[in-house]
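Okay, so subunit A shows up in both of these, paired with subunit B first and subunit C after.
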Partner chain A sequence: MIKEYIENWSGEVNTLVIGATPEEGGSRRFSVKIGGERTLPFLFKEALLPFKPVIAYEIWDIEPIDWATALSKYYGDVWGNTLEWADKLIREYKAELLCLKLAGAHPEIGKDLDEIVKLLEGLLKKVDIPLIIIGCGDVQRDNFILPLCSQILKNERCLIGEVNQDNYKTLTAAVLADGHSIIAQSPIDINIAKQLNILISDMGLPLERIVINPTVGALGYGLEYTYSIMERLRLAALNNDRVVASPFICFVGQESWRVKEATTPEKEFSRWGSEWRRGYLWELITAGALLQAGANILVMRHPKAIEKIKEYIDKLYEFKIN
Partner chain B sequence: MFIIGELINGMYKNVGQAIRKRDKSIIQEIALKQIEAGVDALDLNCGPLSENPLEDMCWLVETVQEVVDKPLCLDSSKPRIIEAGLKIIKNKAIINSTSADLEKLEILVDLAKRYNAKLIGLTLSSKGVPQNKEQRLELAAEIVAYCSREDFSIEDLYLDPVVLPINVAQDRQRDILDSIQEFKVISEPPPKTIVGLSNISQGASQRPLLNRTFITMAISFGLDAAILNPLDNELINAIITSELILNRQIYCESFLKAYRKR
Partner chain C sequence: MALSGLEIYKLLPKTNCRECGFSTCLAFAMQLAKKAVALDKCPFLTEESKKILEELNLPAIKLITIGKNDQRVQIGNENVLFRHEERFYNPPGIGIIINDDLAQTEVLNIIRKIKDLEFERIGQRLKIELLAIRNRSSEENFLKTIDLVVHNTSFALVLMCEEPRRVKKVLELYKDLRPLIYRITPDNFLQFSQLLKGDNVPVVVWSEDLEGISYLTQQLNRNQINELVLEVSNKSPAFALWQLTQIRRLSLKKKERSLGYPVLVLIENQDKDLSLLFTVSYIAKYAGIILLDTFSPEDIFGILTLRQNIYTDPQKPLQIEPKLYSIGSVNTYSPVLVTTNFSLTYYTVLGEVEASRVPSYILSVNTEGMSVLTAWAAEKFTPESIIEAIEKSELKKFVNHNRIIIPGYVAMMSGDLQEKSGWQVIVGPREAAGIPRFLRDL
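Moving on, here comes the complex of A and B:
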């Protein structure tokens, strides 16, 4: 019989906690742990993989612009009210992690600062699960709004983002002061991912409080580039390069639902079949591939895709032996 | 690359004195400085003038591991001194070193196995230093064969081709570099390779330049580890850059700092 080949890795991925319970100074009912891997995804025989990848439900502070009808079917009744939307996700879909995108803060929409503050304060009271907060993507506006969010959420140990190579100082300082972790975004570029981690940690935020967003592409849209970047970063981490030993966050929903294959109605392309099924499968398959590349947090949209990917993770974790 | 700091050695005047006076602070300071420079392990050697090497080695181990939790490399020609150190080391130990002589291998491979230590094997014997690469390869093969027979993990074996000073053995340098590559084909998995770097420049001028040029070349021949002076900043920079060019580290703008932060 051929001897089973077991690789002995010397490094491990950083463990990161999202959410602080009352004993830890926050108000979350529980916290979520990610990272800690000592081998590549799901190779349970080789070494310890202590924590399952987690799914964060994506919600917005405004009624989402251009989300597919396949999604409005599930959330259309609540997405005009963020608090009710969040509540529904927790009660009906058993969400354990929420990712709030402050899309309304964008200058083109121009949501009032007071409204954002009120929303966050309301959210803190309404839901008691760990939170991820994402800006609107406009650098100036995010540099203004996100430090404020960081302050309101002080001690709740949130994950806040995003920063990039040209704009990281303002938010890093805020996150450092308020006890959160940060999302470092790089444009499918391994060298920039590494450099950004150095820049952030030079400001005093420990490497253990950084999550890398390697930027993903959906199935058919550069998924394999992301995959190889994530794999290479993870191999370096397992070979003891502490600088890149960060867990990954992947915005699967956002990428999957903007490709035509996910949303084009059947009546336009009859050979593609029902868009109701096709859309969530596109998100599901993209998520599945990224799990194999080492994703730790998947930010997703369609409840059925989330249900299936959770089943898939649970199934694989039945092989966990340590 | 696996870097072992060489500066805790009794042949250096300040270290020799500190050992005699049992001055912990000097030893610990040198240990921490080397760690800060990015070493993976520390070599401990009581020096040739030690009157009581067994006690000195134990004192060094205890003193260093009070402040450092990296692997320690026990550097002595006497197995009983190495064993005394192995008994009290809390972290991983490296035995420095055995030769290819059977009577040495018998004792030191057994110690390495019992204490779960790594082992450095010098490719020389009681007959002396090999005269060419064929002899060197033969000695390397003898060490590997003995370790395999005794079930000692070859991945924990570091073969040292024994670097000779440039001013007395200029015509042997190419052979030594070739050997680093050839040691790798002796077995599967291959043994690791190591050099005591400072030998290359012993008694020569331009020592730092010789050291960093040799290590750069040795790395490109596949070298895995070296015992060296980690406080030579340019030397460490040359190592980092060599590894980068060989794609062993991910490039980023601050690659020198990134390596030291690992």
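Moving on, here comes the complex of A and C:
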């Protein structure tokens, strides 16, 4: 007799909600739930996996710099206007979650604070799906701008980031006050991820309101490091280490479209095949592999890749029995 | 699980006779536990102990070899469920299916395209290993197609035919190539177990559930058919992941011998992109062979790159020899770019330097295989380690200028490095992609 080998995991991943509906004090049409896993990815026969991984469309507050033609084909006509861009993603591509990167806030671009405030206010009115807000990556500027964003979006239960080990206090305080959750970024390092979660929760923000960004390497560019760090963190969570039981957010689009394999024209490397399919697949495979390591939110760019990865997740969830 | 030295010691004669070359039986046992010495060095082992030790020494997942010589594929012999626990050893063989109802010219055309599926990444050659010929028409066509493939390629073969007599006939011709036979099912296993007895060729075994697979492998073992590969069906991908996980867990953690074989998944007749995503999940989770019905270069390139990633040894990042490399026809005026000896970093920089068409030197510093920022944080990529590389490579003998270019990400060390080394330090771009323009504008 073959008896199935069932692991009795003692812990579970925290459940986190993005977006608040009018009944909850916000203005979103629905909210998105992630986390809650009690076993490893897609092992439905072992234990509960209550919520599907979700995909967030990445959009910018300015016309994106250096985005591939493979992407401009789909929304290049609107990406000069963030609100129209968001609107198109929701109407045409059925986006259920948006990740707005405030790239224009970077000192090198120096977008006005007023403009950013106006944009966010406009977005709140125009768009009624849950939001993720990401800073420009410049610590000083982000510390100034993100708390302001947090305030404007008060009670909308957004996910805002990012903070790291050296810079977490300002944003943590803001997010705590305004009812949002936070993205804690660590450089492919399990100890720093854990340490940062402790630091943030020591300031009073519950662990249940933290999402870990483990830092993603694209396919062929360190994917395996991210993969194993995520597996280790997830195993720790399932073994009841509450401090690291956070869902993961993975910036798949930004990383996979950066690499040479995603965009180099076929005429330069004929063996690699068409760059249109290659770029799309590079993002798709990176996303697919990270799902196997436990990704909860994938931030992506190519509409067809997003559509396909959703179909794949649905296909896996057909098997869900509990 | 492997036995400890002490557990092995209990099974030894404990006479300390030194015949094995070790001064005590315990010392010998310790070496046995490390698999550093062969069991037969002990001439006084009882038959019973020998049997136990041999049995326990077997890998939990049998190593299966398909094909001959240079082209052979080895799968199985895995020790862990998660790569960080140790590493994954034998990458899944990737195979492409060719149907025997195709015209000869079409088969040749496919073969030609498949031969082009070779890619180079970070100094490694990536390629598929297997061709699977599927019998969908007559015996004659099957034989013809196999003949065509054998004469035009050297890939290891999978022969797909569930009709035992036909398989036997094919084996009479091609047994020496050690093809993988696909497949034994509950319907044909009686015939197959008679016919394949003594052939010692690897063969795929399929049944709906693990119970059925386990029953078949035990029956086949009784007929000395031991070179097995199990098949898990891709009908429901989540169920396939469950079965793959169960087979890996049961063979490693419960020493379930009847499931201790590598696993094959056949992916076909589906949406092409979903098929690719299923392939991704099976590479991550325990497949030993994946057969595909696509040969488009983009798909295979992506799949092979993922396989390379997942099967990299996590304890030992891929690294290159730290030294001075000359790219193109360099002279004494050529620029010198400093980087780490992490393969991924080096080959990324190399690719861009080549693309720039500016003959250059790349000075690869020994950072123990760490990337630029990681090495900087770990103090392996420092003014001191760079100076050491400059001196060791005798850089002064190769160039008659005194400029070195460092990665933009470590701009913070430029002053310190300049002062300590006496070389003029130029800060290069942060990303390798910026190198061609940077070199041309230099």
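Here, the second predicted complex is superposed on the first by the 321 of 322 C-alpha atoms of A that agree within 3 Å, B and C clash if a C-alpha of one lies under 4 Å from a C-alpha of the other, contacts with A are read in each partner's own complex, and residues count from 1 in each chain.
Methods note: contacts are C-beta pairs under 8 Å (C-beta built on N, C-alpha and C of every residue); 3 or more make two chains touch, one makes a residue touch a chain.
None of the values given here were measured: they were computed from a predicted structure.
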Touching A:Lys45 in the superposition: subunit B (first), subunit C (second), both, neither?
-> second
Using the superposition on chain A described above, determine whether A:Asp77 touches subunit B (first), subunit C (second), both, or neither.
-> neither
Report for A:Asp314: first if it touches subunit B alone, second if subunit C alone, otherwise both or neither.
-> neither
Report for A:Val243: first if it touches subunit B alone, second if subunit C alone, otherwise both or neither.
-> first
Which of subunit B and subunit C A:Glu108 touches, first, second, both or neither | neither
Larger contact residue set on subunit A - subunit B or subunit C | C
Once the structures are superposed on A, label A:Leu233 by its partner contacts, choosing first (subunit B), second (subunit C), both or neither.
-> first
Could you say whether A:Gln195 touches subunit B, subunit C, both of them, or neither, answering first, second, both or neither?
-> first
Determine where on subunit A the residues touched by subunit B overlap those touched by subunit C, and list them.
-> 232
Which part of subunit A faces subunit B closely enough to touch in the complex?
-> 8, 190-192, 194-195, 198-199, 201, 207, 232-233, 236, 240-244
Tell me, which parts of subunit A touch subunit C in their complex?
-> 1-2, 4-5, 40, 42-45, 187, 219-225, 227-228, 231-232, 235, 258, 260-261, 271-274, 277-278, 281-282, 284-285, 288-289, 291-293, 308-309, 311-312, 315-320
Mind listing the subunit C positions that touch subunit A in their complex?
-> 82-84, 116-119, 121, 210-211, 214, 236-239, 241-242, 245-246, 249-250, 253-254, 256, 258-259, 271, 273-274, 276-278, 280-281, 283-285, 296-299, 301-303, 305-306, 308-310, 312, 314, 344, 348, 351, 371, 373, 431, 433
Along subunit B, where are the residues that touch subunit A in the complex?
-> 155, 249-254, 257-258, 261-262
